[in-house]
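In what comes next, chain A is part of two complexes: it sits with chain B in the first one and with chain C in the second one.
Up next is the complex of A and B:
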């Protein structure tokens, strides 16, 4: 895969579709199958919406999404904001066995991210939240012709 | 995201197509809320043409399910496809809700 490529946008729901389109378009070109593209799209949505909802409670801010080659033949989707510290691993997993009345509304998005991505990392660097989602790259396509 | 509704006996059938994401989930929830209370005893959500659902959509479904539960109405699902089916499975919705393979099968059982 080539050099890092990215997109910066205000951390607002109005920019969700644009950012998802960017990721979908890239993963299509990278040769991911449709199922995996949908899963990656879902995880990026969950991560972004979380930032839109919680990162900047009192002011407006930006979110930066970068696609870059990760270790061990992966695609790294790096999502950064300068908002409230938020460690994705601090969120309690939902109780999947609870019935309708007891089932909590919330926590599901992060759970999906942790289940569907091949690896997830979070670090706080200065005033930045840096969330990295890793997806194993598909095997290279057979070269066509000689 | 588009929602179509019709009654079959006392079952309210709601077909949803397109995407239920963080942007469209509030509209989906609103449309569903407006649809219930038409004297139905059960609500059947058919998802043959639903391409994508995120946790925002799951939250809407859970919110509706909680309301229907207080009205002693059933909420069941049919025709889950591809990624939607997987998301239901991973999030445990497959075990808290009854899911039928087809709309016809759901109507036979309700």
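Up next is the complex of A and C:
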């Protein structure tokens, strides 16, 4: 894959679709299949909505999304904000063994991100939250013919 | 992209809710509002036809979970017809398929409810 490419937008729901479209169009070009594209889109949506809801409780802020080559033939989707520190791994997993009717309706988004991505990393660097989602790149297309 | 919602009463108290497109942050509110009138004691079953649903996020899952919770609380049931692989995977991860009947087609679901209603009439 080529050099990093990215998009910066206000951390507001109104900009969600634009950012998702950016990721979808990139993953389509990178050759991911439709099922995986929808999964990646879902994880990016969950991560972004979380930032929109919790990162900037008092002021308005921005979120930066960057797509870059990750280690071991992966795509890294790096999502950064300058809001409240939030470690995705600090959230307790929902109790999935509880009957669905008993289960608290919440925490599902983060749980999905952790299960659907091939790897997830979080770090706090100065005033930044840096969340990296890794998805294994699809194998290169076979030359047609033969 | 948006969400298409269709609601049809197939038999008394038995509703088919067809969802197409995207059930996400933008569309979950509209979906919840359309379904709300069905959340009454007279509703015996809600069948979600998800054949044309392309995408669901956690907000969308919440609508389905809340619907199921309310309907079960009133003595009814919620089922699904036909979901695309990416939707089924998400349902699996959140353990939502446990104890649920997944129908392959609306016809199959109709037959099931027809039989169930006859049984109810006989025992009543």
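By our rule, the second predicted complex is superposed on the first by the 140 of 146 C-alpha atoms of A that agree within 3 Å, B and C clash if a C-alpha of one lies under 4 Å from a C-alpha of the other, contacts with A are read in each partner's own complex, and residues count from 1 in each chain.
Here is the rule we go by: contacts are C-beta pairs under 8 Å (C-beta built on N, C-alpha and C of every residue); 3 or more make two chains touch, one makes a residue touch a chain.
What you are looking at is a predicted structure, and each value in this text was computed from that prediction instead of being measured.
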Query = Does the chain A-based superposition show chain B and chain C clashing or fitting?
reply = clash
Inquiry  = Quick check on the superposed pair: does A:109 touch chain B, chain C, both, or neither? Answer first, second, both or neither.
reply    = both
Task = Considering only the touch criterion stated at the top, classify A:46 as touching first (chain B), second (chain C), both, or neither.
result = both
Key: Which superposed partner A:35 touches (first chain B, second chain C, both, neither)   = both
Ask   = Looking at the overlay, does A:84 come into contact with chain B only (first), chain C only (second), both, or neither?
value = neither
Task = Pick one for A:17: touches chain B only (first), chain C only (second), both, or neither.
result = both
Ask   = Can you pull the chain A residues that chain B and chain C both touch?
value = 13, 16-17, 35, 38-39, 41-42, 45-46, 49, 94, 96-97, 100-101, 103, 105, 108-109, 111-112, 115-116
Task = Mind listing the chain A positions that touch chain B in their complex?
result = 13, 16-17, 20, 35, 38-39, 41-42, 45-46, 49, 52, 94, 96-101, 103, 105-106, 108-109, 111-112, 115-116
Message = Please output the residues of chain C touching chain A within their complex, sorted ascending.
response = 24-26, 54-59, 61-62, 65-66, 68-69, 72-73, 85-86, 89-90, 93-96, 98
Query = Hey, which residues of chain B end up touching chain A in the complex?
reply = 21-23, 51-52, 54-56, 58-59, 62-63, 65-66, 69, 82-83, 86-87, 90-92, 95-96
Task = Under the touch definition given earlier, write down the residues of chain A that touch chain C in their complex.
result = 13, 16-17, 34-35, 38-39, 41-42, 45-46, 49, 94, 96-97, 100-101, 103, 105, 108-109, 111-112, 115-116
